[in-house]
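To keep things clear, I will list the structure first and then write my remarks on it.
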């Protein structure tokens, strides 16, 4: 026996998903493993396709605004802003300034709740439930204010083509102000518990690294890019809504850490710092918000008519909590848009998975996957599926693979 | 890559015009200003001849390595228009331009070269265009489908507006599910007729109720 | 009449019966295979019965001495020899009796097992002959009271084992392994012979007791001791002389492997016997004690770490066996190291030795069982490669249970026998040096972990296609394994009984050098 | 503690009032049916949900009298929740389909539609009476 | 004869009593743990009797045996886990009462018995044939390997120090309880013992598979790990075993480090003394579990499996050796 | 087997996303947050359908997910409750005319309780769970 070297498989495959607790949403991963280490990654999105763009091409803009809310429930306002801005450019109308400010405020509220949500989920992936509970407990404050402003906690439905549907009235200011104070006081604690916890540092530092070069080449967006030192933020680079009026700067991890490593930890840093930035933005908006109308045309019937007349193409962008989202809309004088392409933030970020997962251990997969804050419901919106899919390995095969893996584990 | 001498939008367009001359079929600079200070942002639209796509992207890269957001596609009669959306950034606050390069390919020969050698991140969105619009990306390193399953009927491309689009047989109306059909309408007190519409944006009979959908169904 | 005879001659019978059985085997085999089977089984049964009888005699009456050619046993020292025992004597004290019983039981189980396991093989009569010879030789090794006799039995065992290892002659590598085994054994034997020569040359005696009495502990004696330790630790496969075991164990048929375990334990027994009884207090026991302890710890750690990456079941078990030998060396070594300190000896030394001895016994049983279960798996699926196994738990339920029992025993999980003996070791060794106890504890867990993986690879997982037709092992094999499993459980549940009746006397016998001498040399 | 910054935080929290809003009761009553009945009868109080904001968008309310049957609401409804009843030229809203966007109420020229505060709509039957507004 | 029968009856009844107590108290402990955890996380948490309700629920659920499982093993594993956990309790003094088996348990025996429920879980996980469970089972084994080193160090160190102080039979819980380490150790030794206590406290969550050492059951990575395929009464049994094991582990810590009773304060009233001791024991167990399970669990993130090993072998193992050394130095000066 | 009251007070839920927009997902998770804390009622989120008593299903069930939904349903031991959270799972909601959907959930697996809302407030989800318990109570024939 000693003479003949046992046949070693150089790698084996483990599939994860589409339903796996580490993923908030279904996606199908295939990992090529070498021992405990990931060699390469492939993934198949497409489990939550609902064909939203196609549906949009059958509906009028007022309906689509609500459909865009439901491209994704987490960046509820993102896609509405993108879509509305695109249509407004085609119609060549000006949005009232007050509406721009309200859009900004609500978008930043959304960023706060989304980052806290992510922080909670990441803590949960790390098995740190108290932090999960803490994040979600303080998130309720933002949810309350969002509900106060818009009337719903999620899928706000506040954007309309030409402006916003709900004003922020005088009586609401103190409540919003209170929320800002609450978070401002909380920031130190958040930074402390997230960034100074030994266990978190151990799990996140130097894992899932995305270098600056890779980040540029792969065109990732949002906190994922900024954590790698790419200074890119639509809000600051490309003035729109009220962002052009504000004094804000791009958040990169070196502001706090003095260096950029592009690892999971840096992504936490960027997100937590951005919560603080959002508080600041909302404060500036509240202080400077002009008075005036909130929508270009209040009468829905007239609005629809104007939309129907519009012709042309345009692009609306917005920096969502996860990075740049972008809608390409083309109208041809019909009720429904002629073409509509949604580019959501995760769409750009998913491509970094293979890079950041390579060489990592199995146990780190969930947190690294989560670190780009993936949500696929936006990315998946287009594909069409009508037959039973067969990409999933049979159960037997899965078992077989697992057995092989066990073998591998034994020998390392 | 970042930190080049900033060009104005006009200079960018001029660069293209100078480099490609006749190859540039049209250019448009759209300026839009929002907020109180009305700081403008710029969207550049450059229509090119099909074969100039890659040199054009190279030009962009030479200016400053751009960020590829997405490739959009529209089915326009017998052509497919592809819009390559980039953002060009010089490291200056408020100084990013959106650059849209548009090309058209005929449906009869729907082939475009891959740009993934220049922009590695393009693979994803190119794969999507292949399956959604039925174009062929020549030289794509990973030609598999992205969203569609392998057993999706060949020759059906969801974004096509022609006969290759989604056939009605694939559509399911979810709202119909077990909804009671024979519920009587509740009585209404007699009232004067509804006033005539002053705007005339829509004809009440056009409302998206069952009638409309039923037509589509059969 | 016959009973009387048997009782009187029991010590020689346990050696003689297998010997005669071995030589008659080819003759009987001429009649029919059925007869051969019955014959062999009969021989082992009788041997076992006599061994048990002998043990009971020893327990009730104390050490039994059998002198060849003398009318009574107390005539060990011929009147005319000037106090030099020149007769060949067999000494059966509690320790040897215990070993004999265990060996006989294992021999019995293995034979039963190989009735069906090996029935398709060719030249079975040679196989059985060798087998019986082997039993004869190990019995001899533990009973003899004479160095040269021991050497003879050692040689017989080497030849028989080599023959058995090579038994699967169809495989070239088996022969290679056999030759390797034989060469190693021979070198060991030569060392041993040197030692004998040295001692004989100086003291003109071969009898252990005699030598013990006369030993001067000169430099040359020390060399002899070193030679003996080297020879016997090679034979029992302790680190650093362990390299041959995995090869031999992984290539021999499983039933043979189980017996090889017995051989190595007999050697281990002899090692202790010589070290304690012959050299005893005369040697620098602390140093030698530490030597044994070091060898033990090394064996434990190296054995288990080498075992983890193995893919051949038998090889893996062999490495685990090396690791277990370490425990015995550790226990005995600690005992030896405090031999000269009566307070420490009584507070923990003796317990450590009891642990070591008990572990020898237990080890023979569970290691044998593990090899047999591995054998029955190989018998059914025809591969020893762990990577190729899987899902057998669905079809080989009983084999799986036996394997589990063996695993839990070897890993020292209560309530199986391995735990009982290891507990004795832990709870005494820590007083000598706590770190040793910690290492011992941790190695056990490593053993467990490694076996859990093995267990999983062999039995767990979905039913594999290629083994769809695999059935449970045949009944005789199951019975063979069952006997050992029952022993494991019984020893595990009633360790106190075993310790009190067998182990404690055995340990006493080793420590009590004077006692041994006085029995043999008639109270001088 | 420096390495585990949560510990002081947690220990402090141990002695603070939990952040939980005790809706509908602190623990599960021994019988829900009875509890709900008693709540209806006003015998026991139900802990209210977190306070609703002013513009909360709950279940839709419809005033048939005010409506003129202009169908604008059906046109803007993004969820196909509004059926036009041709016999009476009035609307029927399927709550089970409604996504509570309030678009129809914005659109209605006659203020025939509004969003109520009712939002606890779980039901065994998605087409039960309380879920059809007409 | 009658006496033997009486003894036998005593053991049987005692076993039943201890099993019931262990299960009841075990569930109670889980309830308290959940409640306290919830409060620390600013939640109300379940009612204290929630674990009992959960168990009753599980008992009436369907017991699904997965297709690929080896069914008898799959079903036997939970029984073994529970039985082994209860067995541990038989060796432990509960309150002021001596152990049921009359003999005080041997600490090494207990250490090994503690591994048996884990082994049963591992076997069950393997037998279920699910890949998640298989990975979980392997991790459980690794975790076990990891924590045995510090655990062994603590036990051996304590026993050794006691033996040095002339205590007979230092591995027996009886001796450990009657002569707590604090009473024999000098100042250095007390520091050493404190270190060992800390080590033991960190071993507890590993032993009980709780955060941060719950990698085998990591919900996010393994969808419930070892237990994925278990349902109904089998799951209930594992759950019970978990509770009983928690009590056992806490009792070990109590016996080793906090053995004092209250009965000495009420001399002359034995019944009251026993009762007091019993209540005091419950308080101690709860306190130990609060620190070693609830608090650690809420304050830490889960470790990666490789970190579990480093943590236990390097850090805690090192601490253990440090404790041992201190005890050693102490014994040089003291005895 | 007839569920007894203890079943109701220990409802372990498994959360199954079948193509939702995430709105309902996060509201379900929010419902677990300290503000609402369903653990008061013995409700606990579990990671394996084998442990579950109730399935919280969200989303309109894309064709691609249909088989999975069925499989998870099958893996959940009896007795079990299915709670459909959100309008789009109930009736398609805003995705009423899509071509890639097999839903609503009711078309795929039987649903016991529908929770309306897009998304429902966490309290509404709790209410849904309470409703489910009420339904169970009635099945047990006890209004006591």
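All chains are identified by letter, namely A, B, C, D, E and F, in their written order; residue positions are counted from 1 within each chain.
Everything that follows uses one rule, which is that a contact is a pair of C-beta atoms (placed from the backbone, for glycine too) under 8 Å apart; a residue touches a chain by one contact, two chains touch by 3 or more.
This is a predicted model, so every value here is computed, not measured.
Novice: Count of steps on the shortest touching-chain route from subunit C to subunit F?
Specialist: The fewest steps needed to get from subunit C to subunit F is 2.
Novice: Determine which of the two chain pairs, B-D or E-F, is joined by the larger number of C-beta pairs in contact.
Specialist: E-F
Novice: If I average the CA coordinates per chain, which chain comes out farthest from subunit E?
Specialist: For subunit E, the chain whose C-alpha mean is farthest off is B.
Novice: Going by CA means, which chain is nearest the middle of everything shown?
Specialist: If one averages C-alpha positions chain by chain, the most central is E.
Novice: Measuring centre to centre with CA averages, how many angstrom lie between subunit A and subunit D?
Specialist: For subunit A versus subunit D, the centre distance works out to 27 Å.
Novice: Could you give the separation in Å between the centres of subunit A and subunit F, each centre being the mean of its C-alpha atoms?
Specialist: 25
Novice: From the C-alpha centre of subunit B to that of subunit F, how far is it in Å?
Specialist: Using C-alpha averages as centres, the distance is 37 Å.
Novice: Counting only residues that touch at least two other chains, what does the list for subunit A look like?
Specialist: 21, 46, 49, 51, 54, 66-67, 70, 130-131, 133-134, 137, 140, 155, 197, 199, 301, 304, 383-387, 389, 399, 402-403, 406, 409
Novice: Among the residues of subunit F, which are close enough to touch at least two other chains?
Specialist: 9, 34-35, 37, 40-42, 47, 60, 64, 88, 91-101, 106, 118, 121
Novice: Residues of subunit B touching 2+ other chains?
Specialist: Each of 149, 166, 170, 175, 178-179, 197, 202 in subunit B touches at least two other chains.
Novice: Which stretch or stretches of subunit D touch subunit E in the complex?
Specialist: 4, 6-7, 10-11, 13-14, 16, 18-20, 22, 26-27
Novice: Could you list, by residue number, the parts of subunit F that touch subunit A in their complex?
Specialist: 16-27, 29-30, 32-35, 47, 59-60, 62-68, 72, 88, 93-95, 97-101, 118-119, 121
Novice: In the complex, go through subunit F and note every residue touching subunit B.
Specialist: Listed in rising order, the residues of subunit F that touch subunit B are 60, 64, 91-92, 95-104, 106-107.
Novice: Show me the residue ranges of subunit C that touch subunit E in the complex, using the header's touch definition.
Specialist: So the residues of subunit C touching subunit E come out as 393-394, 397, 400, 408, 412-414, 419, 423, 426-427, 430-431, 434, 437-438, 441-442, 445-446, 448-449, 452-453, 455-456, 459-463.
Novice: Within their complex, state which residues of subunit F touch subunit E.
Specialist: Residue list for subunit F touching subunit E: 1, 3-4, 6-7, 9-10, 12, 34, 37, 39-42, 46-48, 50-51, 53, 75, 77-79.
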